[in-house]
Each structure stands twice: as C-alpha cells, then as structure tokens.
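In the two complexes that follow, chain A is the common piece, with chain B as its partner first and chain C second.
Moving on to the complex of A and B:
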C-alpha cells in the first residue's frame, strides 16, 4: 500500500473513532463541541508516557483514553446541568481550557509540541476503528442505547418511564470522552508528533459536523459522516484541477492551466454542508431510511402482508 | 373496596396562582374512574402531581397507603403508576416496538438488561406479543412519527400498559378521534380494565365517560365539586353550574358537555 493511502486510511480511522466519541453524547441530546479537548488529552497522555517513560504503545494509548474518559465523567456533572447552546459553549470552553493548559505547560512542550518515539502502522488505527464501530453498534442495540435515544427525544417522558436520564447522559458523555481520547492517542503514535495547534476549535467543529450531517439517530450516521467528509477533500484534490481545465477550454483559454488554489476544496465542502442541511436536515442516514431497508427485508421474509 | 390511590387535601400553587386547592379523593382498586371538568380545572395538574412531574404544595398522595410525594418521578412507574399524555408524547424517532420496550424500563432497568441486545430478547418478544394482542402488530418496526394519530394514541396506552401498572392514568385518550375510533378505544380500554388494571381517565367526551367509567370526580377552578357515580354526575347542580353557568343550572338539562 502506498504511503498516500496509508495516510488517508489512518486519518479516516481516527476520524471515525473521534466521530463516535462525539456521537454518543449527541445521541442522548447533548451537543459536545469540546471534541478537540478530549482528543488532546488522549494524544498528550500517550505522547508524554511514550516520550518520558518509553512505555509500550497499548499502555500509552490505554492510559490516555482512560484519562480522557475520567475527565469526561468528572466534567459531565457540572456541564450537563446546562442545556442547548449553553452546553455547546461550556464544552467549547472546556476544550479551550485544555488547550490553554497544555500550551502553558513545560512538561508537555508548550507551543513546541512533543515528539512521540513509538510509531504505529496504519493497520493499528484501522483495527481500532473496526472494534470501536462494532462496540458502538452493539451499544446502540441494547436497552442502554434505547434509553439514550429516548432521552434525546423527550427527557421528561423518559424519566417517567423509569429511566435515570442523568446517569445515561453522564455515561454516554464519559464513554464518548474516552473514545475521543483513543482517537487522540492513535493520532499521536501515527504521526509521531503532537502540538496543541492541531487540536484547535476547528477540529471540534468538524467532528461535530461529521456527526450531525451523518445523522445522530443510528450508529451508521457518524460512520457515513466521517467517511464522507474525510474522503471528500481527497476526491476533490483530483476532480478540481480537471474541472478547472475543462472550464478553461470551454472558455477558449489556450495553454497550460495552473492548478486551482487549495482553498477551493473547502469552499465546495462548505457548499455541500449547506446543501446537506437543506436536503437532509436530520442527517445523511436516518432511522426511517434504515427502517425502509429493514422493513422490505422482513416483509419479504414473512411472505404475506400482515 | 379499598383505595388504590388516595389524595388528601392536596394543593398546588405556581407562585401566587392556586391551581389545585384542597382536593381529596380516593381511587378504589379496580375502578374505572373519570376525572372531568372544564378547561383549566386542574385535571392534568392532578396527573402531574400523581406521576411526580410536580410536587404538591400541600397535602398527601398515597398509593396503597404509602405516601409517595418524596419518591422521585422515575421510580413511580415501578410502584405501579403509569400514564399517557394529553398531547401524544411518544418518542418520534423510535419505532413502535422500541417505544413499547421503553415502557418496560421499570421492570428491565438492571445493569444486565441494560447491556444486553434487545434483538431476540424476551423483552422484545413480550412487546411484540402485547402489540399483537392489542391489534397493533401491523407495523412494529415503523418509526412512530409517520403513523396516524389514532394509532399513536393507542400505542401510548400500550407503552404505559407494558409497565404492568396497578393504576393507568389516561389524559384525554379520545381527543381528536372520530366516533368509530372512540368506540374502538372504549373496547380497548374495557379489555385493559378487565385484566384488573385500575383506570383514571381525564376525558371531555361525555358519552365515552358514561360508557367507560363507573365513577367520576369533577374539578372546577382547582376544587373538587363532585365525587360519585358517573350516572348521577349530570344531575348535580354544582356540575351543571360549572359547565353551563348559574342561569341554566336550575333547569332540567340532560345533555351536558
């Protein structure tokens, strides 16, 4: 496999895990715009343990993931008291605090970043992404998953049905934090270098977009969203120059065409994001869509209409 | 008959606004009881007090003699109090079957159940069987937001029923239903009552109240004005006054509301 594709697969795997980390709280109705904070904790945890103590990779990533999960559990109690846009701001502020602390800490290299000695090949993040995907699918198929989705729809009624809504939300937030931390640890070891600038606010926004545009009702959503938005800029990398020379030749411009500016890829990404919000406001993959497929299958299986 | 649920001198104020004033009544075990009154009389507030959405400002609410005001709302369904809502409050993104399985939570909430898959579980089988029994097995996998109003109303009742409650509280189950659907609903509720579930029903459709309920409590402006057999309710002068005003109360009127 070429280095290019190994790199793409690594990024894709990390983004999928990261997206599931944000999906879990979002599926219970809690928007989490602090993704970069959890990812940074996981990444720096792993990087620090690897650089300072030379611990083996499973340990560094595992500990980083655990710290991110525990952080999520602890801050969930105050954070989940806020609602709607205030929760979004509070989680965003959390990520900024994490960023600020790391930037001002000599132990973690400050603005210089940390280099990570142990390297992992692309197949480690890919394997992890497969395991995490299966884990989230399993979780969503249990009663725990059912109560998560119920809390998303109507907290009052979910409570009256006998569900401890708060513990469900705290658990989802903490498990989500751990998954985002896992994505961070894998990132640190895949790229051998962490700097706090790569865990900025844009990262939190993008991962939340993957989840919201992919769909928050089923575990297929973040998988589709993360894959679509990770692969799209790569696809545009080859499509755009072809498009530009096509337009130039139509307009009758002679000679060699300079490659379009890289930022055009993000213009198209933005336009597609808006189009998705207009045409698929509940996300790319919805419950009804899955149900349509499943319904036809089960009907066909039964043979006769009920 | 012993009282399954009893309210003693219950009051509820929202700030300076007295919504319920000194209301007492018993719901006998096995009764089919109606809670009626003009709009704004406090019927839904009584439901919210019993199910724990609100705390009473004064008075006692007892289930089988046990004071329940201090018990968190989420634990009351486990004690045997289940309800439906005035405006359907099913989970719109869940399927019919999943909504019903949510109603099992009070019986299935331990960690082992929470973390095992629902597919092929006994809970799923039970929900499927109940839906079939109630004649609602056409689209178990359909997301509820897409279903007709009358069907959703019934599913909400089934969701409450699957908790195996002692007291089933229904808030305007016939609102928005046509005559056929209402007659259908009445049979459905009689079928439920026949299994020994006590019904407490808020309803404006007096023909349904007359045919379904044996007992009625009438509220007006948060106070109880009648407590007795349904057959007598429309002859009571206080009830007539509440619905029709003083001028008409003296006349012999047989068709109220």
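Moving on to the complex of A and C:
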C-alpha cells in the first residue's frame, strides 16, 4: 500500500471515530460543538505521556481517552443543564477554554506544540475505527440505544415513560467525549506531532456537519458523513483541475492552467450543507431508508391489513 | 496612565463587539436563531470595501473608489448577503419532524454559509491581511497624555446612536411591534395579522446593516482587513451577548463593552495569550451560574426582546 493511501486511511479512520464521538450526544438531542476540545484533550494526553515518560502506545492512548471521557462526564453535569442554543454555546466555549489553557501551558509546549516519539502504522487507527463502529452499532441496538433514540425524539415523553433522560444524556456525552479523545490520541501517534492550532473551532464545526449531514437517526449516518467528506477533498483534488482546464480550453485560453484554490472544497462542503438543510434536514441516511433497504421486511409492510 | 489608556482602548474595541453582539442578540431574540453568518457579514463589508478602494469595480469598470464610497458599497453587499441567508435558512424553519435537534436546522445552514462566503472571499482576494487605505490611526488627539483616535470616537457615537435608534424602532414602530410579537409567539403573531414573510427579512436586513457597519468601522479604525477578521470579533461578540443575556439589546451593549474591557485588562496584566481563557471562561461561567446573563429573561430557548 502506498504512503498516500495509508495517509488517507488513517485520516478516514480518525474522522470516523471522531464523528461517532459527536454522534452519541447528538443522538440524544444534545448538539456538541466542542468536539475539538475533547480531541485536543485525548491528543495532548497521549502526546504528553509518550514524550515525557515514554509509555507504550496503548497506555498513552488509553489514558488520553480516559481523561477525555472523565472530562466529558464531569463537564456534562453543568453543561447539560443548558439546552438548545445555550448548550451549543457552552460546548463551543468549553472547546475554546481547553484550547486557551493548552496554549498557555508550558508543560504542553504552548503554541510550539509537542512532538510525539512513538509512531503507529495505519493498521492501528483502521482497526480502532472498525471496533468503534461495531461498538456504536451494538450500543444503538441495546436498550440504552433505544432510550437514546427516545430521548432524541421526545424528551418529555421519554421521561414520563420512566427513563432517566438526564443520566442517558450524561452517559452519551461522556462516551462521546472518550471516543473523541481516542480519535485525538490516534491522531497524535499517527502524525507524531500535536499543536493546538489543529484543534480549532472549525474542526468542531466540520465534525458536527459530518454527523448532521450523514444523519443522526442511525449509526450509519456518521459513518457515511465522515467517509464522504474525508474522501471528497481527495476526489476533488483530481476532478477540480480537470474541470478547470476543461473550462479554460472551452473558453479558448491556451497554456498552463493554475491549480484551483484549495478553498473550493470548503465552499462545496458549505453549499452541500445548505442544500441538505433545505431538502433533507434529517440527514442523508434515515431509519426509514435503512428499513426499506434492509434484509428484514419492514414492519409497516407486514402489519398492514390486506 | 497606561492603565487608563488600556481602559479607553477596551471601550473602543468593545464598541465594535457591541455592534456585532447586537446583531447576534436581535436574531436570537426575535427568531431564536443563532446566526453563524454574522462574523462573515462583518468580514464581507470590510473586504469588499478594501477591494473597491484598492482595485475599483470588478472587470475594470472603474478605478479605485474613494474609501467612504467603497465601504458604503461593502455595507450594501453585506445586507444583500444577509437577505440571501434568510432565503435559505430561516424560511425553511417549518416543523418538518418534531425532535429536539430541529431548532438546529437554521443554525447548521448558517454554518454552511459561513464556510461558503468566507472561502469564496479567500479564493477571490487571497488569505493575507490587507492594509485599508482609510485615515487609519493617523488622526489622533492627545488629551492629557492619553491618545484618542478621532475615527474611534466617531464610531463610538455612531454605535450608541444606532442602538438607541434600534430600541426606538422596536418599541414604537409598527415593524418593531411585529418583531416583538414574533419573538413572543410566531404562530400567534401570524394569526393576529403580522405578515411574518415581510417582517422576518427586516431582522436580517438589520443584521446585515449592523455587521456591515461594524466591519466598515473596524476597517477604518484599525486600518487592516483580512478574510479571517470576522472569526475573532464574532466569537468575542457571542461572549458579550451571552454575558449580557440572550435577546436583550442593552445586555449586548453592556456585555460587548465588558468583553472589550476584560480583553484589554487581561492583555495589560497577564499578556495576550490569556485573553482566550479569560473571555471564554467568563462565558462558560455565565452559562453555568446565570444562563440568562445580566439582563436576559429566564425563559430558556425562547429569547424575548
């Protein structure tokens, strides 16, 4: 396998894990716009342990993940007291505070970043992504997953049915934080360098868009969203120059065509977001869609009177 | 003396935050919509103003325009952009499927607009910061050892005038009554004869006007524009709005000034790197301890004017 594809697979695997970390709170109806904060905690935890104590990779990533999960658990109590716009703002502020604290700490290298000695091959993130994907699919099939869905669809009724909605939300938030931390730890060891600038507010926005565009009703959504938007830039890298030289030759311009601006892919991501919200705000993959294409007959079809 | 100078700078910086924070709070108060395009509208006015003052109209239709005219066009562009945003975000906020993340639909599309507009500007004008050819920092007055920039004083008064005008508009005009009715209950307002389709775009026009003006004032006062200039101002304005209370215009004024002062004081006492922690820590604390802010109302989710 070439280095190019290994790099893409690594980023893809990390993005999928990260997207699942944001998916879990969103699936209980809590928009988390602070993903970069959790990712930064996991990444810096792993990087610090690896650089300062030379601990083995599984330990560093595991501890980073645990710290992110515990932070998620602790922060969830005050955070989930807020809702709607306030929750979005609070999670956003959380990520900014984490970023600011790391930027000001000499232990974590401040603005200089930390280099990470231990390197992991692309196998590790890919394996982790497969495990996480299976785990989330399993989670969504359990009673816990069912109550998550219920809390997402209607909090009040779920509460009336005797489900402790708040503990479900806190648990989803904490597990999500741990998964985002895992994505961070894998990032740190795959790229051997962490700097706080790569965990900025835009990262939180992108990952939330992956999840929302993929669809939050089933565990297929984040998988589809993260895969599509990780592969899109790679596809555009070949399509856009061809398109541009095509237009240039149609317009009769001779000579070398300058490569199109890298910013186009973000324009496309933004335009897709707007279009999705207009035409299909529930995301690309929905429960009905899965039921229609599933192997088992849909309940509606079986139960309908003849 | 240096501290006094910093306090003054804080108020001047705060006045930019105030204008943007008022735009945020207006959309949240009336429509319950956190509009993430606001930082981009701010940037759009500054960048378009710069481009026109530096290059002139596109396709070489004219030479460089005088800077006040260029900024006026920039403000018009940001109003138009805001109306386009309205067309694609808020107009589709109809109950499609009733679950708890539904309120996020316009928010998410506004994030989409943020990406589109900012990156289009990057493609058009490059990512570098540009010097704005206005009066800039040249016009200063020395009052007892404290330097006061004339354009900043003018813009401070302009901001105060605008906020007073806006509160008057909301309190006493027909449009303002309609807006307050929508803030209270959109469906009831609609039934009672408020033409939502006509009134809601006014919120977005005001948003575009406020952001455009703030961007223009920023370009004149600080003499520098860049495609990223909205990000920092926008996030600080959000912090100011939350501190003041969501949906409260005077709260946004006070909150914006507080954030400006805190920023300058943190820089004075602790250095520039701690600003982020101070401002966002304040925001987080406000959300945990007093989510309604200084002047906000207790109704969560639904802001009131």
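Keep this in mind: the second predicted complex is superposed on the first by the 294 of 306 C-alpha atoms of A that agree within 3 Å, B and C clash if a C-alpha of one lies under 4 Å from a C-alpha of the other, contacts with A are read in each partner's own complex, and residues count from 1 in each chain.
Rule of thumb we're sticking to: a residue touches a chain if its C-beta (ideal position, glycine included) is under 8 Å from a C-beta of that chain, and two chains touch if they have at least 3 such contacts.
If you're wondering where the values come from, they're calculated on a predicted model, not measured in any experiment.
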Chain B and chain C placed together on chain A: clash or fit? fit
Looking at the overlay, does A:160 come into contact with chain B only (first), chain C only (second), both, or neither? first
Counting residues of chain A touched by each of chain B and chain C, the higher count belongs to C
Margin query: Contact-wise, after the overlay, does A:138 reach chain B, chain C, both or neither (first, second, both, neither)?
Written below: first
Q.
Taking the superposition on A as described, I'd like to know which of chain B and chain C A:152 touches: first, second, both or neither.
A. both
For A:70, decide between first (touching chain B), second (touching chain C), both and neither. neither
Under the stated touch criterion, which partner chain does A:212 make contact with: chain B (first), chain C (second), both, or neither? second
A:269 in the overlay: touching chain B, chain C, both, or neither? Say first, second, both or neither.
second
Superposition result for chain B with chain C: lowest C-alpha separation, Å, rounded to 7
Chain A residues where the chain B and chain C footprints coincide 152-154
Note: in the complex, chain A contacts chain C through residues 26, 29, 31, 78, 81-86, 88-90, 92-94, 96-97, 99-101, 103-104, 110-111, 151-155, 201, 205, 208-209, 212, 216, 261, 263-264, 266-267, 269-274, 277-278, 281-282
Interface with chain A, chain B side, in the complex: residues 51-53, 73-78, 83, 85, 89, 91-95, 98, 101-103, 105-106, 108-109, 113-119, 123, 137-138, 141-143, 146, 159, 163
Listed in rising order, chain A residues that touch chain B in their complex are 138, 141-144, 146-147, 149-150, 152-154, 156-165, 217, 287-288, 291, 294-295, 298, 306
Residue positions on chain C within touch of chain A in the complex are 28, 32, 34, 88-89, 92, 96-109, 111-120, 122-123, 231, 235, 238-239, 242, 246, 273-277, 280-281, 283-284, 287-288, 291, 300-301
